[in-house]
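Across the two complexes that follow, chain A remains constant while its partner is chain B and subsequently chain C.
After this line comes the complex of A and B, so read on.
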């Protein structure tokens, strides 16, 4: 038969050898199972049932259709709720990074003292994405650094034979809670100071997430070179991070009104920035000293 | 004149469908011999599975972006089970950890790739790619059955295999999603995920 070659002659030959007279697996309402190769039951509806022996019952078809519609409804609901809290476009802006940006940004976080121009560049009032502007904050580095920190903490505890999965969860949730507290405190401070700045929640999240890079470096140095190495790395990364944050955030707080003098509002924001910068080494120390003994 | 291959089997007052032998795919299963083979009906295509496996095993070969168009989870399932089986041979009954970590890792990669790429990606595609690139990890864990991996040789071998897995995964993702300049950025989270699998193999 010509049409058998479409299925792969081997398969159909197999079938013919295996079951000369196939028993009906379901109730065939066409009144008999024709054994001739060219025959088919006259009613068209039976063809649909014959396709899939598992779904012979019409109720099963209805159930499958209902289930898939429920699933798509659930997905739509999740998307709607998510879009109410988080704007995907804004979030995507923070993840538009490439390898050279990440490499240069990491270098900047470790050694920010030679960088000259700290301003975030705009194109027609829209900030440029991180791909095109080294000074733009991104969320890729903080996210990866956070996850790396958790895994590194697990490994460090494992080396000290103090590992268990609960400790890993504890570490992760502690670090997350500190990030949330810091971002909320900064938002509160910015709100009280009523400054006009472009610092949205995601910007603050990014800047407070950059300290995880310093934490990872300190822990790695501590694991490789012992306690002294840990303190040296801690001092170096804390100083670099403080300088980085003060220089970056000072630019965003100047605003576009052109007033350069120390108005009380801007002085308050400067104090806020300095306080945040001073807060970083304490957090770094608090979250890492128990990993390096 | 009726051809012997086309017997007319309609009934009176019952309109019959046109019988076109040139399109055998248009109706399935009206007869036991006319059904497609079981594998084709299930969507398991051994040729494609073999092609994807070869792509993973040659990390330096350029990947074709279209091979990931059909998301098949049959290959990854087999690889996950094989990984668990080799761990079992070493005495570690940790199917639960493997399952949990792969679920969380796939979810994380799915979110990250959706945020980083211009076009979105489906969860099945992510799970399929990550599952295929687990193949070198099976080599590592079967090696761990015989030799202990806790010396310097073990560390170097583990680092090499993690690099191999994540390089293949990132290569496939880059070519399937057309992301430029981000291969290392995609490879790093894959390396973290496979690093956790390697930790299970070693300890």
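After this line comes the complex of A and C, so read on.
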């Protein structure tokens, strides 16, 4: 205990210099607190006294340490499970957009007839992110358009005095279910045709989500200009979207060398693309006509 | 048609059940979709029909046990909540 007495002597010197001595509520555990005496004790004693004031109970220390370790374990587990289903890097690639890309892509969705080069550009076998390539699909526009569509549906129903909060949820889940059905049908079609393309699930999700932009425009013109405006906008956006989808998907399914396999399979791919394009106006009409009476 | 996510799950469950009950000997062989009738030559790409037969066979093999569990859960839920 020479250690303890040595520390105590220095501590008493410090006590005389500094604040008045706190009442001894407990055994002086500050003697064992600093591992090495020497330069450490002067501020060590201050810290030791403050810490011992706040966490007087060593059990609280243990509890805090245990809780934080549990929390970090839980966080790791959640991250691991999430990473098993959704690859974060691939998802980040779809959200790497900037303002000029969004503006140009929206313009392309509404008027795709003058665009010349529809191929997705690569850099060393990796597709370029949407920030650098206009033809790359992204998930930002479909997500924002979906949310805007739900809000617009709520507003349209409110104008017609048919609004209630359940209808909003019903509208959202209906639209989501149709997207899921469409993506599943496309995946099935691509699997049956054994198309060797880069169309992953997120690409199909992106191309399915672009129809929400057409839906929003149709509903807006329907609200502003009545039923005739709605049908005109529906026809225009449907034609533009069909052209956009056919041109984009033909580029991806043909492949980089342009051959694409035997003739019946190429015909099946063409039918698949045409069916996907023809499905868009039907679903746009189905999901929006009840909003514009 | 107002869909909910639950109705999508129900539809998916019914579809997978429908694929799982296709009997191999009594039905699929009679219409020429049996698993031993499909594996043609070891050519480059299988045709659409053989892909479909492959899909049916793999769904039936993989989903047999999970379907039992999911169907039991669905039965219990429907009994409890109608």
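Just so we're on the same page, the second predicted complex is superposed on the first by the 226 of 293 C-alpha atoms of A that agree within 3 Å, B and C clash if a C-alpha of one lies under 4 Å from a C-alpha of the other, contacts with A are read in each partner's own complex, and residues count from 1 in each chain.
Going forward, a contact is a pair of C-beta atoms (placed from the backbone, for glycine too) under 8 Å apart; a residue touches a chain by one contact, two chains touch by 3 or more.
Everything numeric in this text was worked out from a predicted model, so none of it was measured.
Novice: One more residue to check, A:132. First (chain B), second (chain C), both or neither?
Specialist: It touches nothing on chain B or chain C.
Novice: Go through the superposed model and pick first if A:201 touches only chain B, second if only chain C, both, or neither.
Specialist: It touches nothing on chain B or chain C.
Novice: Just to be sure I read the superposition right, which of the two partners does A:227 touch: chain B = first, chain C = second, or both, or neither?
Specialist: Touch status of A:227: no partner.
Novice: Just to be sure I read the superposition right, which of the two partners does A:193 touch: chain B = first, chain C = second, or both, or neither?
Specialist: second
Novice: On chain A, which partner touches more residues: chain B or chain C?
Specialist: Answer, by number of touched residues of chain A: B.
Novice: A:87 contacts which: chain B (first), chain C (second), both, neither?
Specialist: neither
Novice: Now for A:68: first (chain B), second (chain C), both, or neither, which partner does it touch?
Specialist: So A:68 meets neither chain B nor chain C here.
Novice: Kindly list the residues of chain A that each of chain B and chain C touches, one partner per complex.
Specialist: No residue of chain A touches both chain B and chain C.
Novice: Help me check something: in the complex, which residues belonging to chain A touch chain B?
Specialist: That would be residues 1-4, 6-8, 11-12, 14-16, 19, 22, 34-44, 47, 50-53, 91-92, 95-100, 102, 140, 143-144, 147-148, 151, 155, 158 of chain A.
Novice: How about chain A: which of its residues touch chain C in the complex?
Specialist: Residues of chain A touching chain C: 170, 173-174, 176-178, 180-181, 191-194, 261-262, 264-265, 268, 286.
Novice: Using the touch definition up top, name the residues of chain B that touch chain A in the complex.
Specialist: The contact residues of chain B facing chain A are 5-7, 9-11, 14, 16-17, 19, 21-22, 24-25, 27-37, 40, 108, 112, 115-116, 180-185, 188-189, 192, 195-196, 199, 203.
Novice: Chain A touches which residues of chain C in the complex?
Specialist: So the residues of chain C touching chain A come out as 1-5, 7-8, 45-48, 51-52, 55.
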